[in-house]
Structure formats: C-alpha cells, structure tokens
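So, here's a batch of structures to check.
Next come two complexes, and both contain chain A; in the first it sits with chain B, in the second with chain C.
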Partner chain A sequence: MQYLLRTNWWKWACAILLIYVVIAGLLMPTPRLPILNETIRVLHFHVPMWFGMLFLFMGSVIHAIKYLSSGKQINDTMSQSLATVGVFFGILGMVTGMFWATFTWGEPWSSDPKQNASAIGLLIYFAYFILRGSIQDEQQRSKISAVYNIFAFAAIIPLLFILPRLTDSLHPGNGGNPGFNSYDLDSRLRTVFYPAVIGWTLLGFWIASIRIKLQNINHQLDD
Partner chain B sequence: MDQVIALVKKDLQVDWRNRYPVAGLILYIIVLVIIGYLSFANFIEPEVWNALFWTILLFTSVNAIAKSFIQEDDRSLYYFFTAKPIAIILAKLVYHCVYQLILLAIALMAFSLFLGGPTGNLPLFYLNLIVGSLGLSSAFTLISALASKTNNQSIMMAILGFPVIIPVLILAISNSKMVILGGGWADISTNFIALVSVNMIIIALTFILFPFTWKS
Partner chain C sequence: MINLLTILSLLLQVPMADTFRSDGKIYVVIAIILIILLGMFFYLFRLDKKIGQIEEELKDKEK
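The block that comes next holds the complex of A and B.
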C-alpha cells in the first residue's frame, strides 16, 4: 500500500482497463446460452466485485498484522480504509448479483449458499465497524479492531470457499450448472473478464488510497 | 503450567462462591426448553429438534462465556504482573470447555425430558456435538476478551460473535441433522473434518491473538 500511495502509473492502468471493460463488456459478442442470454455480461461487473472485495480484505488483514507487529498508526488507518472499501465492493457485488438473479433465477434472494455466505461475511465486517465505534481510546481501538480483523478474515475463508462447495449452489459452475470453462470455448469472455478483475480491484485500491490520504490529513489537523 | 492450574482453580472458586450465575444459566436453559416444548405443542420433527437444540446451545454458550473476561476487569492489572498471557488464555479455554460440556449435558437432559432424546447413531451424534460446542466455546472466549474492552459488552458479544461462529454452526448443525436422520460416518466425514479444521484455526488464532488484546 505504501508503494501504491507513492506511485501513479497503476491509476492510469486502472482507468484504461476499466474503459476497455465497460465498452467491450457491453458491446462484444457473447456466447448464446439458454436462460443466461445477454445477462452473461454481468460476469464482467458482478464477479470482479467479489474478487476486489477479497483482495481489499486481504490488504486490510495484512495491514492489521503489520499494525500488531509495529504499532504504527498509519497501518491501522490503511487497514480500516481497505476494509471500508472492501465492504462497499461487497455491497455492490450483492446488489448486482440480486439484480441479475431477478432475471435468471426468478427472484432476488433464493437462499443460495453463496448468497447466504456473502451476507454473513458482510455482517462480520459491519460488526468490525461497530467495534471500532464502540471503543473510545485510540490505541486500544486500533489494537482490538486489528485482532478482530484477523479473526474475521479467518472466518470469511471457510465461509466463502469451503461451505458453498459442500452443498449445491444455483451459481453457474456449481451444482451441475455449466461453468465458465464449458461454454467459453473461444475465450471471448476471458479477454474481458481478466482485465475486469484487475481493473475493478485497482479501482478499489485507488478509492482506499484517497481515504487513507484524507484520514492522514485529518489526523495531522487534529494534532 | 502451574499458572494455568492456579487460574483454572481460581475460576472454579469464583463460580463456586457466588453460585447464582451458574444457577441462572441452568434456569435459562430449562426456561428455553420449556418455551420450545410449549410452542411446538409437544410434537416435534427431528429436523426442528436439531435446529432448536443448537439454537439453545448457542444462546447458552454466549451467555455463559460473555461474563468471563468482564468479571476480570478489576483483577486484570494484578494478572498483568503475575501471569503470562498464554497461561491466562489456556486456563480460560480449558475452563470454558469444561463449563460448556457441563451446560451441554444439562441442556441435553432437559431436552430429552421434554422434547425427546436424539435418535440415530448416538456415539457419532455426541462426538459431533462435543467438537461443535468446543468450537463455540473457544471462539466465544476470544470474542469475550475483545468485547470486554468495549462500552456495551453484552451487545458487542452477540454482534461480534454470532457472524464469526456461523461456519462452525452450519457444519455442526448439518452433521447433527444427518446423524439424527439416520446417516453414518461416511455421510458426515467430509463435513466433520472441515469442522475439526475450522476449530483448529479458531484455537490457533486465539492463542496468537490473545496476547495483543491483553497488552493494553
């Protein structure tokens, strides 16, 4: 994160990738599939939100660990900002997913294991913000919330990666539904999907870096 | 090791001297079971039995463990100079596991009396029950250490603890349902191994992270 705060080239990369993703994602030809039809384009907007959320949470945990080992306030600021943007991405992922599900599964919420798991995952991180709010002492707050952040990430991993695999899911690629690999034979979706994942993730870090700078300035003004 | 034994003994003595928290918890379990019994009008499907049992277990264990670090508030400075954090957390974990198992036995007895006992492969049911409730007690131990530092401890305990505990709970409940409906080891082995490994992660993290919450 320190490196990202100092350099700018990745912001250009992010902007170029996202312009490409929005244009190509909406205009490029896609495989014709029953039920999915044109909604398959949601792949470039919904799935990268979850990838972005995970990378942001991962960054948040890394900075929480750094805070616990070094005790520098900047690491706590970074950890908190990355978690905030991660939650924002998670909400966007959930909203786009529910919007898509209305047209393919027939209803926005169908108790799909992945839907339930991601809702619980977001609850865990909402609790993280409540925890931050309920401790007055600054150093205590940073320390306790870093501990909870690490614990929460450890709970998210089985929640998102192990539990949905144990039961059938309605999601493409699970429970006998055809996945990405089986219909994207000419790799047309991939040429947009991978840039989309990188682009949206970089956008998340961009927003987080602005928040970090803002909070640093507020900190200095307070002192 | 001496420190751990001394701390466990101290917790036992504290609970033995003012017996009303333990008595309160036992009453809490019985009241919950009777409410369940009355609201389901004495007939209950195995799946509902299972869900109700785990729900009651969850609420009992969160209430049992919530007080553990909160009651230490006035003593924590003394511990800080006399005991290692590892010893403190080990003592708490051991004590809570035993405590949880006793409450579990009471809950199971009350349940069998009013709503009927578990069916299916009983040793497997108990094994899954014990592993699941150890997961509950160890996760809530760390959460209780965190919650004791905040302003409104009892609410924080619930909102921090419940979402984090859900992986353990989902695995344990689905195993237990499978066993009650007549499944064997082959049906639950993958879930059971996942449950054990999630427990391992929780306990390992508790050991690593607890000293940081203590040093403040």
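The block that comes next holds the complex of A and C.
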C-alpha cells in the first residue's frame, strides 16, 4: 500500500483496463447459453466486485497484522480504509448479483448457499465497523479491530470458497454445477474477465488510497 | 458437459441481441458507459491531485 500511495502509473493501468473491459465486454462474441443469453456479459462486472472485495480484505488483514507487529497508526488507517472499500465492493456485488438473478434464476434471493454465505460474510465485516465505532480509546480501537479483522478474514474464505462447494448451489463451479471452464467454450470470456478483475481491483485500491490520504490529513490536523 | 451445452444451445436457438448489434445501437450504449467511466476517472485524478496539494501544504506548515 505504501508503494501504491507513492506511485501513479497503476491508476492509468486501471483506467485503460476498465475502458477495455467496457468495450470488449459488450462487443466481443460470447458463448450462446440458454437462460443466460446476453447476460453472460455481467460476468465482467459482477464477479470482479467479489474478487476486488477479496483483494481489498486481503490488503486490510495484511495491514492489520502489520499494525499488531509494529504499532504504527498508519497501518491501522490503511487497514480500515481497505476494509471500508472492500465492504462497498461487496454490497455492489450483492446488488448486481440479485439483479442478475432476478432475470436468470427467477428471483433475487434463492437462498442459494453462496448467496447466504456472502451475506453472512458481509455482516461479519459490518460488525468490524460497529466494533471500531464503539471503542473510544484510539489505541485500544486499533488493536482490538486488528485482531477482529484477522478473524473476519479467516471466516470469509471458507464462507465464500469452501462451504458453498460442499452443497448444491446455483452458482457455477459449486456443488457439481459446471464452472468457468465448461461455460467458456473457447476462452473468449477469459480475455476480458481477467483484465476486468485486475481493473476493478485497482479501482478499489485507488479509492482506498484517497481515503487513506484523507485520514492522514485528519490525523495531522488533530495533533 | 461442454458438448451438452453446445448441443443444447444449438437446439434451443438461444436468443441473443444479434439485431441490436447489427442496428448499431450497442455503440451508443458503449459510448455512454465510456463517457461516465472517463468522467469518473477524471474526477478521481482531480481528487487525488487536490489531496496531494493539501498534503504538501501541511508539510510546509510543519516546517
């Protein structure tokens, strides 16, 4: 994160990647699939939200550990900002997913294992912010929320990637459902999907970096 | 599974937005999304720059 705060080139990379994703994502030929039809293109926008969220949470937990080992306030600021943007991405992923599901699975919420698990995961992160807000002492707040952050990240990985795979799920790649490989008849989707994941993730880090700078200024003004 | 899906899609004549594309209207959609996206990036860069300026000012004041 320190490196991202100092450099600018990756912001241009983010812009170029996302412009490419919009053009190619809407124009490139896609596999003709029943039920999904053209909505398969949502893959380049809905799924990267969750990937972005996960990378942001990963950054958050790394800085939480860094805070615990170094005690530097800046690491706590970074950890909190990354988690905030991560939750924002998660909510966007949830809303887009529900909208997509309305037209493909027939209803916004099918109580699909992955839907439920992602809702639980987001709630765990909501609790992170409630925890932060409820502690007055700055050092105590940073320490306790850093420890909680590690638990939250340790909980969200099995919730999103292991538990839904153990049961039947509507999501591709879960519970015997065909995954990416079988949908993706000739790797056409991949050429847009991977840039989309990188681009949207970078956008998340970009917003987080602005938040971090803002909070640093606030800290300096307080001192 | 791949074969099954291919056969299924051929049999069902999966409806796609083929005429929409040939009418050229899809380019309007892309243009509009691009305008919004470019506006967002422009705004983010501006925001970044402004915060950078405030950071510099704070550094100067501390000296």
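Annotations
FYI, the second predicted complex is superposed on the first by the 220 of 223 C-alpha atoms of A that agree within 3 Å, B and C clash if a C-alpha of one lies under 4 Å from a C-alpha of the other, contacts with A are read in each partner's own complex, and residues count from 1 in each chain.
Just so we're on the same page, a contact is a pair of C-beta atoms (placed from the backbone, for glycine too) under 8 Å apart; a residue touches a chain by one contact, two chains touch by 3 or more.
Fair warning: this is a prediction, and the values are worked out from it, not measured in the lab.
Once the two complexes are overlaid on the shared chain, A:Ile120 sits against chain B while remaining clear of chain C. Within the superposed three-chain model, A:Gln136 lies in touch with chain B and out of touch with chain C [touch as defined at top]. In the superposed model, A:Pro158 makes contact with chain B only, not with chain C.
By the touch criterion defined above, A:Arg188 lies against neither chain B nor chain C after alignment on the C-alpha atoms of chain A.
Under the contact criterion defined above, no residue of chain A touches both chain B in one complex and chain C in the other. By the touch criterion given at the top, residues 68, 120-121, 123-124, 127, 130-131, 134-136, 139-140, 143-144, 146-148, 150-152, 154-155, 158-159, 162-163, 166 of chain A touch chain B in their complex. Residue ranges of chain B in contact with chain A, taken from their complex: 142-143, 146, 149-152, 156, 159-160, 163-164, 166-167, 170-171, 174, 190-191, 194, 198, 201-202, 205, 209, 212-213, 215-216. Residue ranges on chain A touching chain C, taken from their complex, read 8, 11, 15, 18-19, 22-23, 26-27, 30-34, 37-38, 178, 182-183, 185, 206-207, 209-210, 213-214, 216-217, 220-221. The residues of chain C lying in touch with chain A in their complex are 1-2, 5-6, 8-9, 12, 14-17, 26, 29-30, 33-34, 37-38, 41, 44-45, 47-48, 51-52, 54-55, 58, 62.
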